[in-house]
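Across the two complexes that follow, subunit A remains constant while its partner is subunit B and subsequently subunit C.
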Partner chain A sequence: MTTAAVKNKSAITLKGSSDILCDYLNYGINSILFQRGLYPSEDFQATENYGLNILMSTNNKIKEFLATTLGQLKEWLIKRTVNRVALIITNVKTLEVMERWDFTIEYEGNIEDGEAQTSDKPLKQIKNEIRDVLRQIASSVSYLPLLDCLCSFDIQIYTTNDVELPEKWALAEPANIKNAQSVKMRSFSTQIHKMDTAVTYRNED
Partner chain B sequence: MSQFKFWNEINSVFSMEGPITKGPQPRYERKKNNVLSTSSSLNSSKQRSFSTSCLSISSKTPSKRVENDSGRSKTPSRTPFRKSKTPTPNKNGRTPGGDRFIPSRVNSNLDLAQYKLAQDDNSQEENGNGRNELKKAISEQLLGNQKVFSYINKAPTAPEGFQNPMRVLYSQTRTPASVKSTSRYIPQAPDRILDAPDIIDDFYLNLIDWGSNNILAAALGSQVYLWNAGTGNIEQLLSLEGNDYVCSLNWIEEGDCLAIGTTQGTVELWDCSRSKRLRIMNGHSARVGSLAWNSFVLTSGCRSGQIIHHDVRQREHILATISGHSQEVCGLTWSPDGRYLASGGNDNVVNVWPRSNDGHQSETTPLHTFVQHQAAVKALAWCPWQPHILATGGGTADRHIRIWNCNTGTCVNSIDTKSQVCSLLWAQNYKELVSGHGFANNEVAIWKYPAMTKVSELKGHTARVLHLAMSPDGSTILSAGADETLRLWKCFTKDPVRAKDKEGTVKVKPSALRQCIR
Partner chain C sequence: MSETSKMNDTIVQMVNNLKTTGPTAISEPSLKRSLSSSPSLSSSLEEATPTKKFKRQSNFNLSYVASPRETNRLRFDLLEARNIIADLENRIQHMHHVRKQMQLMYDNETESLKRRHDYDRKTIEQLEDQLQTIRQRETALKLELSEMRAKYDQIKVTSEEELMALTKELGDQKDQSQNKISDNSREIYDLKQKLAEMENVLVAAQDDAKTQKELVKELSKELKEKNAAVIELEMKKVELIQVKNQLRSLESAKEDYLEYQQQSKLHAKKLNKFIEMEKENAQLKEDFARLKTNLKNKLLLEEEVHNLKIRVEDHKKLEQRLFELQSQFDRNQAYLNEWKAVARGFCESNDNDAVLPHLLRSSIERLQHQELSLLSEKVEFETQIKTAQHEAKVAKAELEKCQKLIDELKTTGTQKQTLIHRMQKKLQLVSRERDSYRLQLDSYERDLTMIGESGTSIIVQSQKERIDNLEKIVGNYRDLVEKLENDLQEAHPQLYTDVVTIKQEQTARLQQEVAKLRDEKEQLLEQRDRLEIQLESLTTGQDTLHGGQAFHLAINPLAECLKERQQQLESLQEENLKLKNKIRKMEQGLETSKLGEISICPQEVQSLREQVKNNEKQTQKLKDYFKSSIQDFRNVVYMMFGYKIDRPTNSNVYILRNMYAEQPEQLHFQVNADGGLDLMENEYSMTLGHLIGVFLIRQKSIPAFLSTITLELFNQRTATQTY
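This part shows the complex of A and B:
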């Protein structure tokens, strides 16, 4: 009994794992917004996490948007109904999709355990894995094409078919990019969720 | 009610007025008028009473009218225009109301017509929506059992007129910082160009060093060459076997001893006056990309992220092994007074280590950890005249030069250089800082310190400037580019007048090494 209690102390629950994923997405998306130059750099403030300096938006509307979206995502993550989260960068004028960041989610471990599922993976190791992905995101500017237009972003969540449409949410069409090129980043896992990150962008040629 | 009827009759008379002058109004026109007058009732409630009564007067076959009405609305008022021409043979005839094309402005309701036209458009749009639904259905089929959701309240877009700041990365614009004119002349062309065939184009290595003996050591692939800057002699010091290559080299502060780091993880010491290897020191598991001397202690940084202090005098040479970086250590340098060691890594971190109290190695816990850089930090340089000031430069994703005060651990200054910072050097003769840049500008830049205004840009390299070195007299800098050339720039020649004044005051600092040997 005591060993089980000790074991559970450091274990990550399904909810905790969902929190880790949402935190990663929050930092990752902010980092993308900064690195891809979607918003003026004055709107960003450096925050330390994962042993990195990550630039986070200070714009209240963006913060609110991300908080609501990720809050909803967390609910779905706990219910295991999400397959993918996509960050879409579109040209404001032509509404053309310029770039898409795909965060694919796989469910690992004993899914039959339901909400009681736990993982023994050390948090530090997970954070290190996340740090490596975030670093790759930050260095992606060196090969991604310049977004030479006013751009906006949107987040789409791909769920299983049995999910009810929540209030203030709408069905969207998946964004496709013409002449696309894709680069896969590292992935990380909490042993409950596994997240793959990839960027798809328009090839100039 | 009766007075309304009366008014309606009057009104209907008036409404007949226009066409009557041209003869009896054609039947279709009368009908048209009826249609319009009835439908005008839609617009305002006030008119309702008499327009309905108008209907009762003029239309005798209401059922037919309705049919016509629906027929008309589809072809909005085109035919009446054309036909209204025909019954007016004499053009000089009076046309009351002044408009022959619209028979009766009083009864025709243009607003309504507009509304009807717009409605037609709407119905077309509905068709379009239907098509979209079809599309959706198809895409849903393609997606399988998936739904795609997005939040309705979208994030705001950037303010109008905002330009992507990343543009600088792609468009090769020069830094906006004004090129400040200085009183001295800085030659824009290199003094000399040396060939450096097979120099490895790797950001993480340190392949060039110019010793106090005025000999330049350069690692070209697996070989190390020595170029005597005074005589111009070139000599090959060593050649590694197999696929190994030299990853780093560093001259001892004084003397002919050169330290070399290899891909095998070994550190070799060479006596260059005799071209003889003195010893090989193990300890690292991966390539040694950075080296720094502090008196008799040689500090080496490895790809694994470890830093080892070697006491080169002892048989058991490893003094300490430090793990401060999670990725390759690519920048390593001791401050001129030997109090601090700065290390920069591919993990975007700069660590400043204090010297331990009992020797020339550093403590195993960092004094400061700077994580502000967004990319790998290879360029590190200590200020020669303020020994606690450190300059660091970040890679492509960062592009900043940051100046740190290591006594307080604060960032004193930072400047966006708009291109990858590969190396940094402080000038000895002037209060200036030199930076070697990679993508996008591939240039050497000279900055005024502490204002950090750009003094000059030295262009010529066709690929990134990987390494910088300075001659012992501080007058010349050497830049090594990935274009396999070494360029010598004579940009810090001393002012002859001022140099004479200073000569008397300059004191030669006694070497720490000599003190120890004694």
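This part shows the complex of A and C:
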């Protein structure tokens, strides 16, 4: 996927930037699912990317879900209608939201250029930035509270008002967390998109 | 052996010669060979080692003179020797075969021996284990033994003391018994004499018997047919001897019995004394215990004495204090009297002392009530004063305001006076004007009256005059306006100063308001900040949309998870319902058989069965052990006391059979209600009437009875045997 973005070595297109973002999200979400122990560790397989060993789920259901979600997200990213992507971890028993991972997207550069917009930022630099964020995600386990209950996850995409609801998609309810605490991670930018990562979790008192 | 060796040598030589020189003559030893060929068979084993001698022989290397006869002979010999060699080889092979067989046999034997050895080893190990267990038991028993020894030592010490006393008594009693023995010896002597007499009689009888024997011999010679009678006589003789033996034994028994009786009496006495001594001992022990308790009590008393001493010291101190307190009391009494006097004076009454405090209290209470009311009044007054002061202050403030007002009014009054002056002036001016207007009016009236009479020329002239007049009036008005303006300008500064004071007040008020509003603003800002912080803390967990839509896939892991959970819950509920129904049915007793089997855990059953088996084994072992031990006991009892005791099952009768008794001689004892034993009547016991009378009825001693029976039977048996 990234090869499409690096067709012209010196420039990254809007589509390429969207690909980078979706790639990051795919790895990041898989990493979170592994780190937070939502699925058994046997379901994960290590793959190397960004100079890191990232554990990716081998569960077909999860793979399919992520593929459809991120495919839709890519379309919306190209249209610049997405504000935020949220990974929500919910307690299945009580339906309480335990954690919310916010991936906020900002649009940079000359937006007026439309689809012809390009960026000169070197891909290596972007990858290094992404690596740092993924490292932070991996190390977040040390301060996040232990999820000692049966939990599952959902991905919500926050769009502008002018987006039509695609098939098989539904309106999501806001995921509010009681007594919450938020930690902001590093951000990275392709000079077309800027992605901020933050985790909001329920503070146990 | 020498022959065989020689023969060997010759064979070797021959072989050598055959190899070296072919058909050669052989020296003398060959002559002997034929003779010794037959015994050489027995020494076939030596045949196996000819090489050494061959070497030696080869050194000789003698030359033979060839002669045809000798060569023939030699050939013959050679053939013979070869036959012998073959024969011997066959023998060797046979021997090897035998040897192999033997080896096989040995191997088998060794194997069997090894097995035996292993078996022995195992048995040894088992025995070692047993030995270890026995050693353990031994150690335990040793421990017990040591304990018992300790106990025994204790008892020994006590008993030795008793023994000392008893030995003394024994000594005394020995003397007594010696005296009695001397008496007895006399009796014995008499009895011996009797016995001698009896012996004499016996000897005489023997002599008679001898004579009778002689007679019998004579008769036997004469009457060989009456041999049977002789045999009977012999039998009678045997019986006589037995009777004699019995007599002797009875006599000795009688003596022993008498001795026993005496000794038993003595022992009974001793025993009585011993019981008394034991009682004394018990008493002494009690005394000792009492003394111990007394000692303890003494210690306690000493402690108490010590405590009492301490108490006495305390009491002394207390006494001192008491004295002090008494003196204080006296002083206090004096004070009290004073106080009483004061109280009496205060209460103005000469009643009893008992009533006095109450009176005092009531009076004091009254006074306190008064004080309280006064205080409340005082407070009221103070509040009134305060309010009055406040009012005074207010009044002062009002007064000041009023004074200010008065000043203002004064100033305004002066201004008004000036104004009045001016107004009067104006009034004068206005009256003048009025007058002028009147003049004008009069003129107009005149004109009007004139119009009807005079012409227009006059009107024009009069109008010109009027216009002039009016112009004059206008000029006057202008003057007046100017004047008024001047006045106004004069009056203006005063007015201006008033305005300034009002404005100052206003500005002050306004400034105060501004300050207030600023404070309010600051407070509100602070509140806003606080609220913002609160809002921030609240909004961290809130999922804010910021005007947009949030989408998610309808089929997401959470939804699936929830669905699965729901399904699981439903299935569990169904199962729960089923189980509840089952339980209900079980309670009603319908499905007991089905679930009863399920509820019992097979492992538990297995374990219980194993336990049962183990327990059965244990009980069996115990039974065996008890049986063997009982048997041992019975054997030992039989060997030691000579009686085999049996009890038929389900009865309380014990059957005793003596070691020396013949088959039908049995004694039956029954356990009576008191736990004692009663001898039951049977054929054998009927014959023991004398012994029963002596031992059971008179002495009431079953052991003595049984032992006498034993002795009797033993004597009978030995008597028959000795004969």
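In this section, the second predicted complex is superposed on the first by the 196 of 205 C-alpha atoms of A that agree within 3 Å, B and C clash if a C-alpha of one lies under 4 Å from a C-alpha of the other, contacts with A are read in each partner's own complex, and residues count from 1 in each chain.
In this section, a contact is a pair of C-beta atoms (placed from the backbone, for glycine too) under 8 Å apart; a residue touches a chain by one contact, two chains touch by 3 or more.
Bear in mind that the values here come from a model prediction, so they are computed numbers and not experimental data.
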Subunit C versus subunit B on the shared subunit A, clash or fit after superposition: clash
Partner chain in contact with A:104 - subunit B first, subunit C second, else both or neither: neither
Which of subunit B and subunit C A:68 touches, first, second, both or neither: both
Which superposed partner A:171 touches (first subunit B, second subunit C, both, neither): both
A:136 touches, of subunit B and subunit C: first, second, both or neither? neither
Contacts of A:36 with subunit B and subunit C, given as first, second, both or neither: first
Contacts of A:128 with subunit B and subunit C, given as first, second, both or neither: first
Touching partner for A:146 - first (subunit B), second (subunit C), both, neither: first
In the superposition, subunit B vs subunit C on subunit A residues touched: B
Which superposed partner A:181 touches (first subunit B, second subunit C, both, neither): second
First, second, both or neither for A:200, with subunit B first and subunit C second: second
Of the stretches 235-243, 343-351 or 541-549 belonging to subunit C, the one that collides with subunit B: 541-549
Residues of subunit A that lie at the interface with subunit B and also at the interface with subunit C: 61-62, 65, 68-69, 83, 92, 150, 152-161, 163, 165-166, 168-174
Complex contact set, residues of subunit B against subunit A: 135-136, 139, 143, 145-160, 162, 164-167, 169-171, 326, 347-349, 371-375, 395-397, 439
Interface residues, subunit A side, partner subunit C - complex: 61-62, 65, 68-69, 83, 86, 88, 90, 92-93, 100, 150, 152-161, 163, 165-166, 168-182, 200, 202
Residue numbers on subunit A that touch subunit B, as the complex places them: 35-41, 46, 48, 51-53, 55, 59, 61-62, 65-66, 68-69, 72, 83, 92, 128, 131, 135, 138-139, 141-142, 145-161, 163, 165-166, 168-174
Touching residues on subunit C, where the partner in the complex is subunit A: 540-562, 565
